[in-house]
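Each structure below is given as structure tokens.
You will see two complexes here that share chain A, one where it goes with chain B and one where it goes with chain C.
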Partner chain A sequence: MTAIAPGTTPTSSPRSSAARARLLRSLLPALSLALVLIAIAWLNPRAISYFGFSLMLNLAIPIALATIAQMFVISGNELDLSIGTFVGFVGCVTATWLKDAPLLGVIVLIGAIGVYALLGALIHLRNLPSIVVTLGMSFVWQGLAILVLPKPGGKAPDWLLALMSFKPPFIPFPIIAALVIAAVVHFGLMRTSYGVILRGSGGNPAALRRAGWSLLRTKIVLFALTGLFGVLSGMALIGITTSADANIGNGYTLLAIAGVILGGGEFVGGRVSPIGAVLGALTLALAASPLLTFMHIPPDWQVAANGAILIIVLAARVLISRRER
Partner chain B sequence: MKKLLVLSALAAMLASGTALADTSGKKIAFSNNYAGNSWRQAMLDSYGIVTKKAVDDKIVGAADIFTTADKEVPTQAAQVQNLILQGYDAIVINAASPDALNGAIKQACDAGIVVVSFDGIVTEPCAYRVVVDFKDMGKQEVEQMAKFQPKGGNLLEIRGLAGTSIDDAIHAGILEGVAAHPEFKIVGSVTGDWDQTTAQKAVATILPSLPDVVGIVDQGGDGYGAAQAFAAAGKPRPTIIMGNRQDELKWWKEQKEKDGYKTWSASIAPGVSTLAFWVAQQVLDGRKDIPHDLLVPYLAFTQDDFEAALPKIKEGGVATHEYTQEEAIAAIKANIK
Partner chain C sequence: MLKANTDIIRLNGAEKHFGAVRALNGVDFHVVSGECVGLVGHNGAGKSTLMHMVAGTLRPDGGQIVVRGNAEIDYSVARALKLGIRCVFQELSLCPNLSIAENTRINHPALTGLGWRRKAANLIAAKLEEIFPHHGISADDIAGDLSIGRRQMVEVARAFTVTRDPLDLVILDEPTSSLDAHTAGQLLAFVRRFVAAGGSCILISHVLGEVLQNADRIVVMRDGKVVATDAAKAFDRDRLVATMGGAEAREKIAAEIAAARPADSPIRVRARPARQEDGRELVARAGEIIGLAGLAGHGQTDLLLAIFAAATRRKTGIEVAAPVALVAGDRQSDGIFPQWSIAENIGIRSLARLRNGLLISPQREAELAEFWKQKIGIRTPDMTNNIFSLSGGNQQKALFARALGSDAEIVLMDDPMRGVDIGTKLEVYDLVREEAAKGRTFLWYTTETEELDNCDHVHVFKNGRIVANLTRDELTEEKIIQSSFGDAA
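On to the complex of A and B.
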């Protein structure tokens, strides 16, 4: 009897509860975003308006892009600890060369994506831990950023400023941007056949290799995509801030990792969700700043409260995934 | 005719100098990007003391402090945007970057909010800037060094946080000073991040490779660490310019009592935050004659007066000066030409 059991009724109930947990897990990013929005609406009703959303969410766009960048490496079971300083470097290039010598700027940015692709190859061929390689690279990007822009300044190209301050009717620009980013990446990574291969390189690399796919190539593509979205993130950031600073992106490394995890991703196994990652980034951006500001916490406690909010938001995610097991 | 013009301008200025509007219902927010060192703590303390009294005296309605969790520009830009949404009438800001916050600052100005920046200033023209002449401070360091070391010699420079405007300005001043005093030569440069521990490590690392050094020019918060590094290496103690920190002045006093050690100390007073607060209050009061760039002197101590100041500084703190409303009005007046 026991030998037959796995195929019959006894498993159907755990399976359906697993399906429920999966559903819950895919809804969780949206739920936590809704919770944070409700809290903000309660604390400061005037923030829930076209003007309010434009202000609160526009700095979430670069965070969402950086989170997507981080998601690509995570889906290949790697981590990128250099994404923050890379965004800063891109920002410095955007505010200087891309404005004054667009051709040079474009070449440098494409070259930077190339460096990312090479890193992917290096990590795969030499079997190096990506944490070590990217940690080293984070200092390289930081150093280059200071070389490009020794003191804060520079100016974003006019077309970029115009794009980022675009005011569409009815729906604030950041919301449209978030929808577009989520839709494009979701289609590319979750709905195309090569997207499946890319995620498979994190899920079951051995099977993928036996099926004749090049793991070197998937790693290069994943890292290049990370570089590409890092570049987009840096450009979006400078379009909003109008001017650059060598240290501008440093906080993005941890935000991006937290965004992926909050959005339902796992560190290993190629399990990621682009829509979840974008929602996670928006939640983090809202929870860390507007919510905190509106709560009127005494200054001595603000820094700690910021951390506490992040832990609470992430803890809900951990509770759900434990139920799933 | 010309005299008449001048007189009428003066009259207009006097008229606008008096209180035109009531600020007792106005809310002023303080956006601060970092609280993790002694200087910033002293800055927050001074600001808290002065603004609490101002609220109690019903001069302003509210004066809240907001500190970001990290030193990052995007976090502070988001914070400024949230303060706009909160409906504050003025924002006093110590900014993470002089340029990169301009987008958010412009949004605040467009929403009719008065923005006053200090220490870490912003370059957006609509904001007010309370600035200390850091470049002159750097230059003055070398001028003072020339008094203590008339024969000249090798100097070690300790830089501040890389990529910041303050580090850049002090460094430029030091270079200018050295150009005017060719008897000095900078033989080494380390990054101390305005922090005693970082400075001590950095100096200890470069010391073995340096020729004999007669003096150290630095940016404040790093002098005591440098002294410790020299002592640990058993090298002769150079003339170290100090930066008004309690531990620095205390070390100076000990050395002076031992063998008459001479040096000079200068830094921006953390209490300049309170001046920025009063500037915001005055602008909200309806004053239109306040220049957008206000220059305030840095706080310096010499061989004769530093010991008197030392007992007033909190253990681990920085020498400061809190502005009263009258002093602030006088400081503004000094900037109106």
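On to the complex of A and C.
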């Protein structure tokens, strides 16, 4: 009995159980994706093939990118209700100007990212609720999209079509793309030293300010990253569909939020997971159309199916958290 | 040493107003290198405002800040950090979603590039080991998973880590409020070593003994002014309390409790900790104040929460015979509804009584709030203000008002007085005894031995078990420490 470590015995066990619960929770997105895949394999074994995955996951890439975009604002305790119409606007620009006048197209898209950065600054400086600002912006993006492309049409630039129809050997392109997106964003947000500051701005903004960091800057960076990934999402979407429509991205707003939450993220507190968000997006993409088609359920039920998955996974999460107590 | 006895920082005539309230009224304050300055005063005396100025988080409305002889015009947090001045704030300022190493990185802009994670982890681990040997905290732990005491340990250790910027002056604002006696001792010993090596410290603490024993010089504040400055040796407890303007009431308490010893009143709570192997159990009668003591995190809070849960759902080993209310210890995360007004925060435990038909009657809510504002002395112009407009001590009073204003006959207190000034404490102690005399039962977990003087019975906890049951007459600090550290079976 020389030295006593105060509190070691009684507090270490709850802490390790908290760590266990966290591990379980971080496995949930992967588990739900696996479950959906098993269901698809059971209903239609032929879908589990190179071509099957290429087809089923085709639309998952833009959804995953939009989900990552949403994840950035959520990690700063904000919400972006305009990401869907923004993706639509980017799609319209991609199918028109980016093909016909590439320089103008690039300038417009970079300008759009700049607008996102300014929104971040505005929200921080005027202390506005991001939900209100982005809800307003969603109509602005929608209106601009209709101005750019009044009728469905346009055409994707050839290089983009070539990129999105790339067929690598053995592993389908969407899976590689998902892996790359998850890895890059995970490294950037979870492993770099500035990524810590970005997540910290959602965890405890006051502490960050006291340590001398600029919250204006973190907010601008987070919103600019949202804009950047929104642009990538819109371009990827047009690369797959080949032509655009002003309403093409409207469903993405809620899909992206659902993907972040499904992937283990939380609305406040800077708790997000890029890998989880990509898995969540894949799960939603698969569960929406392929699974329903194989189950002979009309596509009208897509949204309901997504809702059901969300409820099941969130319920599982609550159960795990409750067990932890 | 040439640098000895030179000013690190000097504030001349510092002033700060918040609306009509004068928080600081022309304060002169300085710290020289190699000294530990104790700063005492009631909540609202202006200590925190003054420290925010030294740390650069608040700008003075008037007066001058001079660092090492240079007048600072554009003084800010970043500037303070560059000049080697840091602060451990009273409200915990770790990001709960980040690991300990990542939280360390936040305070060190220099921790970048390849391998920053390992560097940050080594930095904080080494400092924790230096200050709190055998701390049992890993640099990979997520801050939110740690107990409040461990979070405070991390925060203190983090303030003493050095990378690029120098480290000359550390402000410790209630650094021991969530630590048990053992770790608090480790911290204060480290502070002495730091000061002996030429560093400077400002120590703010409501535990006057800590300040008297560890500070070289003591500054007393009252009503936004410095009312006394003298060598620590020139003060004793009584003079300090008298200068602060607090009523010294310990002896009075002892006498009152002895007089108000309850007779054989009905048993309200009978509880046995989950890990208890022998037959000991906690029994609380109506009108009794029962203390739960021992080192922090040894099962006291768990038992309180179990009793709280048992009031609504049957639980083996615990019998509860009356409604229960809990005053949380971690008021920021467990006690306060941050978006709500003071009145709403008080009324939430009594909604059934505040109802008018199906809706909550704003009038009754306001009446309840106003009653407790008078009774417990919550210092605010308007009870409909947001709860965060109150100082820490007054927020805690609001939480007491929530519990005492309810129908609860049993009040559980989970170390609720941490970081609260002595004036507020004495008021709350009086209130607790008054309510106990009316027949309420209090179960009071505290890390401060002095508070146990208010209790009729004290149960000492170790490793989730009750290891000693002391009556008031047997109660001494030695006995508690002996039981907390003794190798009980």
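By our rule, the second predicted complex is superposed on the first by the 295 of 325 C-alpha atoms of A that agree within 3 Å, B and C clash if a C-alpha of one lies under 4 Å from a C-alpha of the other, contacts with A are read in each partner's own complex, and residues count from 1 in each chain.
The working rule: contacts are C-beta pairs under 8 Å (C-beta built on N, C-alpha and C of every residue); 3 or more make two chains touch, one makes a residue touch a chain.
In this text the structure is predicted, and so the values were computed from the model without any measurement.
Participant: Should chain B and chain C be called a clash or a fit once both complexes are overlaid on chain A?
Facilitator: With chain A aligned, chain B clears chain C, so fit.
Participant: Please work out whether A:207 is in contact with chain B alone, chain C alone, both, or neither, and reply first, second, both or neither.
Facilitator: Second partner only, chain C.
Participant: After superposing on chain A, what angle in degrees do the C-alpha centres of chain B and chain C form at the C-alpha centre of chain A, to the nearest 10?
Facilitator: Vertex chain A, arms to chain B and chain C: 140 degrees.
Participant: Should A:55 be classified as contacting the first partner (chain B), the second (chain C), both, or neither?
Facilitator: First partner only.
Participant: Just chain B (first), just chain C (second), both, or neither: which does A:296 touch?
Facilitator: first
Participant: A:244 contacts which: chain B (first), chain C (second), both, neither?
Facilitator: first
Participant: Contact-wise, after the overlay, does A:78 reach chain B, chain C, both or neither (first, second, both, neither)?
Facilitator: neither
Participant: By residue count, which of the two partners contacts chain A more extensively, chain B or chain C?
Facilitator: Greater contact footprint in residues on chain A: B.
Participant: Between chain B (first) and chain C (second), which does A:22 come into contact with in this model arrangement: first, second, both, or neither?
Facilitator: Only chain C is touched by A:22; chain B is not.
Participant: Using only C-alpha atoms, work out how near chain B sits to chain C after the chain A superposition, in angstrom.
Facilitator: 35
Participant: Which chain A residues contact chain B in one complex and chain C in the other?
Facilitator: Correct list for chain A: none, the interfaces share no residue.
Participant: Taking the touch rule as given, give the residues of chain A at its contact with chain C in the complex, in rising order.
Facilitator: 1, 3-12, 15, 18-19, 22, 191, 193-194, 196-197, 199-200, 202-204, 206-213, 269-271
Participant: Report the residues of chain B in contact with chain A in the complex, numbered from low to high.
Facilitator: Residues 32, 35, 44, 48, 64-75, 77-79, 81-87, 96-104, 106-107, 162-165, 168 of chain B touch chain A in their complex.
Participant: For the complex, give me every residue of chain A touching chain B.
Facilitator: Residues 44, 46-47, 51-52, 55-56, 58-59, 62-63, 145-146, 149-154, 237, 240-252, 285, 288-290, 293-294, 296, 299, 302-303, 306-307 of chain A touch chain B in their complex.
Participant: Which positions of chain C touch chain A when the two form their complex?
Facilitator: Those in contact with chain A are residues 55, 57, 76-78, 81, 87, 89, 91, 93-98, 102-103, 105-107, 109, 111-113, 116-117, 133-136, 141-142, 145-147, 149-150, 180, 182-183, 295-299, 302, 463-464, 485, 487.
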